[in-house]
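Same chain, two partners: chain A is paired with chain B first, then with chain C.
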Partner chain A sequence: MTALLKVQHLETYYGHIHALKGIDIEVRPGQLVTIIGANGSGKTTTMKTLIGVIKPKRGKIVYDSLDITGLSPHLIVARGMVLVPEGRAILTRMTVLENLQMGAFVRKDESVGADLEKMLNRFPILRQRWDQKAGTLSGGQQQMLAIARGLMARPKLLLLDEPSMGLAPMVVSEVIDIIREIRNSGVSVLLVEQNVRQALAISDYTYVLETGKVILQGNSDVLINDPRVKDSYLGGDRPYNG
Partner chain B sequence: MFLNPYYLQIGSFIAINALLGLGVYVTLSTGQLSLGSAGFMGIGAYTSAILTARYNYSIPVGVVFGALAAALSGVLIAIPSLRLRGVYLAIVTLGFGEILRVAFIRLENLTGGAIGFPGIPKLGGTILERLKASSAGARIFSSMNGNALESLLVFAILLCITLMSAAFFALQANSRVGRAFSSIEMDETAAESMGINVYYYKVLSFTQGAFVSGLAGALYGHVASYVSPADFTYHRAVEILVYAILGGAGQVMGPLVGASILTTLPEVLRFMSGYRHVLYGAIIVLSMIYRPQGLIDSETSDWLRKVFRRKRFIDGGVK
Partner chain C sequence: MLAEQLINGLTLGSIYALIAIGYTLVFGVLDIINMAHGEIFMFGAFAGMLMSMKLGAPLPVAFLGSVALTAAMGYVLELLALRPLRRPSGNMEGNAGLSTLISTIGVAIILENLSLKLFGAENQPFRTSFGNVKFTIGPVNIYLIQIVILLASGVLICGLALWLKRSRSGRALRATAESPETAALMGVDTKKIITTAVVTASAMAGTAGVLVAMSFSNVGTRMGVSMGLKGLAIIVFGGMGSVNGALVGGIILGMAETLVVAYGDSGYRDAIAFVIIIGVLLLKPKGLFGQNAS
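And now, the complex of A and B:
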């Protein structure tokens, strides 16, 4: 099967800081792929480079058999690769409904209204609050809104940058469930997470990033038992950890 | 009383200042703080003055080209300064305005230098002549005071242009473009991730601001019939900014209200002679302390809309 997203030796700089030092990533159609790594390992930089907010210095990004390296974000989003940014980035002074409508900004087809309806069914809490300013929602609700807004663009590939950040454990599980549902509905997902255990549990393939390099990769069910991952990210095999 | 040329002239300046305030509003609607409005105003004023006074083009042609020249310079300044935000953009546009002001002084052959540009064709006089040339017009207007009539005409035209511009921006605010503008203003990262071409819309809003500022400047020249570099200093730019901020820069109505109040105030306070500017300043200070969001915010504009529609709702039995 050809890859939906193929990233080859991607290198990104922030001024003189070498943030990504040659990264290779692949997402196949229908796959849920996770990138894990400590703070500053380059996870968010990878996402920003993929969506075109940051231009890479070297390397190649092929999406949907098209070289999108260096393309502007709006052109990439229009082709069906959509990012739900870190920290939710909802439009706080617009209503929930307006946020969802803005998600479909790049679409020109007639079924936006029908999709809105679907989204409100899928996220009942958003239907309850559809007329409220998005800034009045709780953190978890805002994250749901951010994801729903991303889906309104009808992505083929959804990039999720730390959707569980700052959420209560119960809400995290809810978000994780939604991500699984999204994958099951046929949308490919590239997920950046710090909640390593849950991310590995739902994903097909995992990349481990460290200081701008992929240091480990493999099927998630294999990596979850890898001693290196266990030690660094799952708290090791100490008895109190179960 | 309404035909008093003095009141009508204040009305005309309110219209021009409101237009300038709208220029700040539309630029700020993508979160860009520009202090270049006085400069754009100057470009509009000089372009139209030169075209009409030196090359005998009609006033409408001069005004349109004045606004377009300002818009073009808006594009040129917007593209390199797009990476800058907040105070940094404000300072760049301030510098741009100062460069222009000095250019207006130095380009003596074109602008008349520091002495200024006199003899700009007057908007009212030209129209009045046309009207008098037609026999019907002559009969109707012969009984009226020519001076008052001229002022009334100028005021009516300026009011029309300002209200039409305000209507355009109000419609735009509820359109696809307006939604893109406010998304960018709220969160640029979010706007980008939704596929909004942030670059394009920021240049568009900046250019629209430059266009209306140039339009206002060109009209100002044809009302005052004389402009000089002293009319387009940074002090003017700050004054224009205050129209928008005090009135409420988040709503189209804000700059209209702000310009109306701040243009009328010095006239109303005339009885205080030397002290009126103290009170003028104090009013600005107090209103910013008690209403930092401006006199008109989204709540007041919603409320005003409701008040104006109340009758219909009562009839229909809907609350």
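And now, the complex of A and C:
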């Protein structure tokens, strides 16, 4: 099967910092792929480079059989690749409804209204507060809004950058459930996560990033038992006592 | 006569509001004050006057011509003085904001000198066929020109507010104002939105220029500076980036100035306005409708 997203030797600089040192990643249609790694390993930089917010220095990004390297974000989003960024990036001065409408900004089809209805059904809290400024929502609610807003674009490939960051454990499980649901609905997902155990449990394939390089990759069910992953990201073999 | 003074104040205030909303639109998307705004207003006034008086164009044509000219000036301003100083994504990082501000000051100086060269330093009369037409309703006199001003600015301001609130591109502009990067992630071409904002603001300044020229029956190259400063004061007073603030602030300033002239000492006309503004800012430092940075 041809890949939906194929990233080759991607290199990105932040000023003088060599943030990505040649990364190769692949997402096939329908796959849920996870990127894990410590802080500063280049996970968010990878996401921002893929969506076009940062321009890569070298390398190639092919999405949906199209070379999108160096394209502006709005052109990439229009082709069905959508990023729900780290920190949620809710438009706090706009209402919940307006945020969702902005999510569908690139669409011109007739079913935007129906999709809006679908989102409000899936996330009842958003229906309850549709007319309020999004800045008044709690962190967990804002994350739901951010994901729902991303889905409003009807993406083929959804990039999720640390969707569980700063959320209470119960809300994290809810977010993980939603991600699984999204994948089951046929949308391909590239997920950056700090909750390694849960991310590996729901994903098909995993890349491990360290200082701007992929140091390990493989099927998630294999990697979850890999001693290197266990030691670095799953707290070793020590029994977990809560 | 209080009713007459209130109408005068509302008329002046609606012009101030037009100017201030222009500042606010540009500040919203770029986080800078467009220091050339007042000069574009002045060019609008001259363009209207020259087309009407020298070329004999009918007033509506002169009006539209002036709006078209100032819109074009806004486009050139964005293309040559603002865009080259921005990051590609539309972000104002580092001191890009400061250099853009300086760049608009440069444009203001160029326009001021250009106007002296083109139009001369003397004030010039702008006579319209209906300059002295007035209606008397009971004891109250209303000039036709006042009705024209109130109608034109009312339609423009309501239209703009509706556009921002309800339309797809208006939402995109508000999203860009809050965060260009987030707007881009929603698929908004922020470059296009910023251009739209600068062009719209300039066209509104041009409209205000013609209206002011008609109501004072003359135009001068200095009119841009004082109007520019008042517009600035209004957006600080109303709250940076707030359209409501620009509207309410403009009308309060217009009313205050008119009432001071009518019932107090006209020498304090400009002073009293700024006294009110300082007073409000002492109580509410972010202005009447100020939003907290998010």
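By definition in this document, the second predicted complex is superposed on the first by the 238 of 242 C-alpha atoms of A that agree within 3 Å, B and C clash if a C-alpha of one lies under 4 Å from a C-alpha of the other, contacts with A are read in each partner's own complex, and residues count from 1 in each chain.
The rule is short, and it goes like this: a residue touches a chain if its C-beta (ideal position, glycine included) is under 8 Å from a C-beta of that chain, and two chains touch if they have at least 3 such contacts.
The model shown is predicted, which means the values in this text are computed figures rather than measured ones.
Partners chain B and chain C, brought together by superposition on chain A, clash. Of the two partner chains placed around the shared chain by superposition, chain B and chain C are both touched by A:Pro73. Legend: residue contacts after superposition of the two complexes on their common chain; A:Leu209 is shown touching neither chain B nor chain C.
Once the two complexes are overlaid on the shared chain, A:Val53 sits against chain B and chain C alike.
Residue overlap on chain A between the chain B contacts of one complex and the chain C contacts of the other covers 51, 53, 72-74, 77-78, 82-83, 85, 89, 91-94, 98, 101-103, 105-106, 149, 153. Across the complex, chain C is touched by residues 51, 53, 55, 72-74, 77-78, 82-83, 85, 89, 91-94, 98, 101-103, 105-106, 135, 149, 153 of chain A.
Per the touch definition, chain B reaches chain A in the complex via residues 176, 179-180, 182-183, 186-187, 189-190, 192-199.
Residues 88-89, 168, 171-172, 174-175, 178-179, 181-190, 291, 294 of chain C are the ones touching chain A in the complex. Interface of chain A with chain B (complex): residues 51, 53, 72-74, 76-78, 82-85, 89-94, 98, 101-103, 105-106, 149-150, 153.
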